[in-house]
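Consider the two complexes below, in which chain A is the common component and chain B and chain C are the respective partners.
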Partner chain A sequence: MIVINSISKDHTTTEVIRWLIALGVKDFVRIDSDVEDIEFVGYNGIDSFIISKNGIPINLFESKSYWYRRGGVISFSKSKLKEIKLSQDINLEKKLIGNISSENQALNDYIKQFVAHRSPVSLGSYHNSSLNKLHVLDLARQFGIKTPGTFVINTKKELSRKLVENGPLITKAISEGVSIYNVNHSYYSYTEEINESDLVNISDVFFPSLFQKKVDKKFEIRVFFLSDRFYSMVILSQRNKQTEVDFRKYDERKPNRFLPFRLPAEVELKLAALFKALDLNTGSADFVVDKNNEYFFLEINPVGQFSMVSYPCNYYLEKEVAKFLIN
Partner chain B sequence: MSSYIDCDSYFLVFADCIPTRGAKNSTICDLTRTTLEVFPSSFYPFFEIFKQSTVKEIYNDLELESHIEFTKFLDFLLEKEYGMFVDDLELFPELEKRWESPELINNAIVDVRLRKHDFGGIFDQLNSLGCIYVQLRCFESLYTIKELSDVIKLAENKSIQSIELIIKYHASFTDQDYVDLYNDHVLISSLFVHSAPENKVLIADFGYKGEDQILKQEIHREIHFYTTPITGASHCGIIDAKYFSIGDVQSFMHNISYNSCLNKKISIDEEGLIKNCPSMIHDFGSIDDIVLRDVVDAESFRRVWGINKDLINVCQSCEFRAVCTDCRAYIESPDDFLSKPLKCGYNPNDGTWTDWTVGRQHAIAHYGIDI
Partner chain C sequence: MLSKEPLHIDPLQMEKCPIYFRYIYFNKMIPLEVEKKLFQRSLKNGSVLYSRENLNRPISKIIKL
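Right after this comes the complex of A and B.
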């Protein structure tokens, strides 16, 4: 049996499953953390660890292959918990709900750990699904990978000094960027360039924010890592002012080119070591290459959308992932 | 005139800009910007030379009188942004010429005139083949809007992800009926109404009344009404520059590797006969007697899937073959399976388009096509 953790709207998961079926796999289960069709049934510690999907029991001991694609915590017994009043005291009630939530979280963590260890083939990692950007940059440098000068700043004075020392900077979220919307508007945070001219709009003290020296970019590289192979793509966006800092700001008239790329072997070796140190056997890495052909590592996303590499480069990564899971 | 004669770099043609050699003219297809440009075939060999030699070396190997022409060609490639100068070609591999898909059947056409098909059974069978897209063409107003709605419901919760619906206008239905039909079914990807009293467009918004322009664009769908009637399957198969398909990498690779119109397609014509395409004469039995799976398993059914343009006479030397859909239902010499499409008026040997009907009375009569 192949067990896949994902979320219901993830198109990549659907594509990989289509390949699994085409390659003759009949026994697989997709667990979407955002759909309430999974329930806990029982674990005996010996040979039976049963959850159910739509009432059909699944024994996780039978998992031969596991893919943690993405997704968070499954809320077990959600509907039942709603019916029960835990305490008349509102404060106690809140704390008890917190306790149950922790119990649920720990059980979830264990299920994913259990399946990952139990399965001879395991791809992706739940406990490493959210990396700390700053920590990963430190590690990368330890492996000899170049990174742009990185600072966390919370005063205009210091920001101003860094701008003088380094020239233009970029800023982005330390964790995940903003992606929120209501009925009338959608908001999305990009990587933005910061210049001295921006200082007038910045208050004297602000929340500690991540800044990096802006690399004089020749092009951007997106790398998908699967087991021991790299599938790289170059993004040519320099001709566009609009996409110069963040290629996701799409220009309809002059779309960026997304082309197959061969990462130099030396960069691949160091990056492989970084993935290993992070205990990840898959993920997406971002680089920028400057005018002197230096490769600057930006970040690793363990649950990145590799279809955005797969389609333009004609790599059939969804099929490669399916083949990995079958072996 | 500026020259690149001292350039020690290589000229990289971007992997998504793919040249195709034709008899007189050649083309370069830009898959990212979805454009196609024509140039004389005498320049085509440079695409191979670019992979071996630096720009300077190319100039040195050329006769002096060819320098200006070569410079002009480089100007053309740079102006169109088909490439750039690089020091290391190795970093930029070409796109692999490969196309695969996991499903056995990708799309199906079901025609309706006077016979009511067993749509429940058809959709079940298409589901077991992994079919993703369905086109439902109604030449006559056999179904009411309510009945159409019921038919579409039968395709829900299956492999089918979208249905293109082509129906005949009927005065008893209001604009709101058409909009409601669209709004009620996320499966309907597009809705065309033929034989309408006027050409017009209605908007279906799926109930979204917000102001977010991006969401609006995502959600809003147009229902197109055309006065032109669609009376049958014989209208299809016209080869014209306006039908060239310049899409993404996958559709390009599909089109050069297979007959992209027929590959992984199955059709049920208005009589219930199973065919590669409803326009074809040959059928593989009636849907009443044989299951689709058995038809798909037959080598004879899948034979046309692999006929790419490299195999077809004339087309194999046409510069448009990478973006042309071809048509195997109507061909110039009905007895010669590999003859060019009947409804194509292009001659790649002299690069001209002429009226395809001229001099083809025999084939036109053979297929019973109304001109």
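Right after this comes the complex of A and C.
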């Protein structure tokens, strides 16, 4: 049996499952953490670890292949935690609910650990699905990969000094950035350029923020790593004002060109070492290449969308992932 | 319940935020009912598949707050 952890809106998971079916696989289960169709049934520690999906039992001991694609915690509570009433004392109530939540989290953690270790084939990692950008940049430098000068600053004075020393900077979230929506609107943050002219609008003190020296970009690269292979794509975003700092500000009228690309062997070797150090056998890495053909590593996303590399470059990565899971 | 109001951050509160909060963009989205009709399909076993390449909700253009 192939076990896949994902979320219901992940199109990539759907495409990989289509390939599994096309390749003759019938025994697979997709567990979406945002769909309330999974229930805990029982675990005996010997040969039975059963959850159910839509009432159909699944024995996780039978997992031969596991893919942690994405997704968070499944609630095994029979009712929503906020509907449970345990005490008149609000503080005690919060702490007790916190205990139940921790139990649920621990059970979720164990299920993912169990399936990953039990399965002879395992792809992706729940426990490494959210990396710290600053830590990964540190590690990358240790492996000899160039990174842009990186600063965390919380005063206008220091920001001004860094702008004088380095020229234009970029800023972005240390963590995930904004990607939220309400009924009518969606909200996003991107990577933004910061110049001395921006200082006038910035307060003397602000929340500690990530800045990097802006690389004079020749082109950028998105790399998908699968087991021991790299699939790279060049993004020609630098000549469009809307996309020159962040290509995700897609210009639908004049789309950026995407081209298949091969990273230099030396960069691939160092990047493979970085993935290994992070205990990841899959993920997406971002690079920018400057006018001197220097490769600057930006970040790794362990659960990034790889269809955006697969489709333009005809890499058929969804099929490659399916084949990996079958083997 | 999701809010229908556009996000508004008081400029005086900005000093409590990371700098990237100054550059939040928004898009008006297509109605959820339309999105579901376009991208969701039901399977025989009762489950629902969401079939769209990009996780972000559909957008037409970027507008800075």
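Everything that follows uses one rule, which is that the second predicted complex is superposed on the first by the 320 of 327 C-alpha atoms of A that agree within 3 Å, B and C clash if a C-alpha of one lies under 4 Å from a C-alpha of the other, contacts with A are read in each partner's own complex, and residues count from 1 in each chain.
Operating definition for what follows: a residue touches a chain if its C-beta (ideal position, glycine included) is under 8 Å from a C-beta of that chain, and two chains touch if they have at least 3 such contacts.
Please read all numbers here as calculations on a predicted model, not as lab measurements.
Chemist: Just to be sure I read the superposition right, which of the two partners does A:Arg262 touch: chain B = first, chain C = second, or both, or neither?
Modeler: Only chain B; A:Arg262 stays clear of chain C.
Chemist: With both complexes superposed on chain A, which partner does A:Tyr316 reach: first (chain B), second (chain C), both or neither?
Modeler: first
Chemist: Name the contact category of A:Ser307: first (chain B only), second (chain C only), both, or neither.
Modeler: After superposing on A, A:Ser307 lies in contact with chain C but is clear of chain B.
Chemist: Please work out whether A:Asn184 is in contact with chain B alone, chain C alone, both, or neither, and reply first, second, both or neither.
Modeler: both
Chemist: Just checking: does A:Ile202 make contact with chain B only, chain C only, both, or neither of them? Give me first, second, both or neither.
Modeler: So A:Ile202 only meets chain C here.
Chemist: If we overlay the two complexes on their shared chain A, which of chain B and chain C does A:Ala272 touch? Say first, second, both or neither.
Modeler: neither
Chemist: Which chain, chain B or chain C, is in touch with more residues of chain A?
Modeler: C
Chemist: Per the definitions at the top, what is the overlap between the chain A residues touching chain B and those touching chain C?
Modeler: After superposing on chain A, chain A residues 181, 183-186, 311 contact both chain B and chain C.
Chemist: Give the list of chain B residues in touch with chain A in this complex.
Modeler: Within the complex, chain B touches chain A at residues 14-16, 32-33, 81, 84, 90-96, 98, 100, 102-103, 130, 210-212, 214-215, 248-250, 253.
Chemist: What residues on chain C touch chain A, complex-wise?
Modeler: So the residues of chain C touching chain A come out as 2-7, 14-29, 32, 45-57, 59-62, 65.
Chemist: Looking at the complex, which residues from chain A come into contact with chain C?
Modeler: Spelled out, the residues of chain A in touch with chain C are 8-12, 14, 35, 37, 54, 171-174, 177-179, 181-190, 192, 194, 201-211, 242, 249, 252, 305, 307-308, 311.
Chemist: For chain A, which residues are in contact with chain B within the complex?
Modeler: Counting only chain A, the residues touching chain B are 15, 18-19, 21-23, 181, 183-186, 234, 236, 239, 254-262, 264, 311-316, 319.
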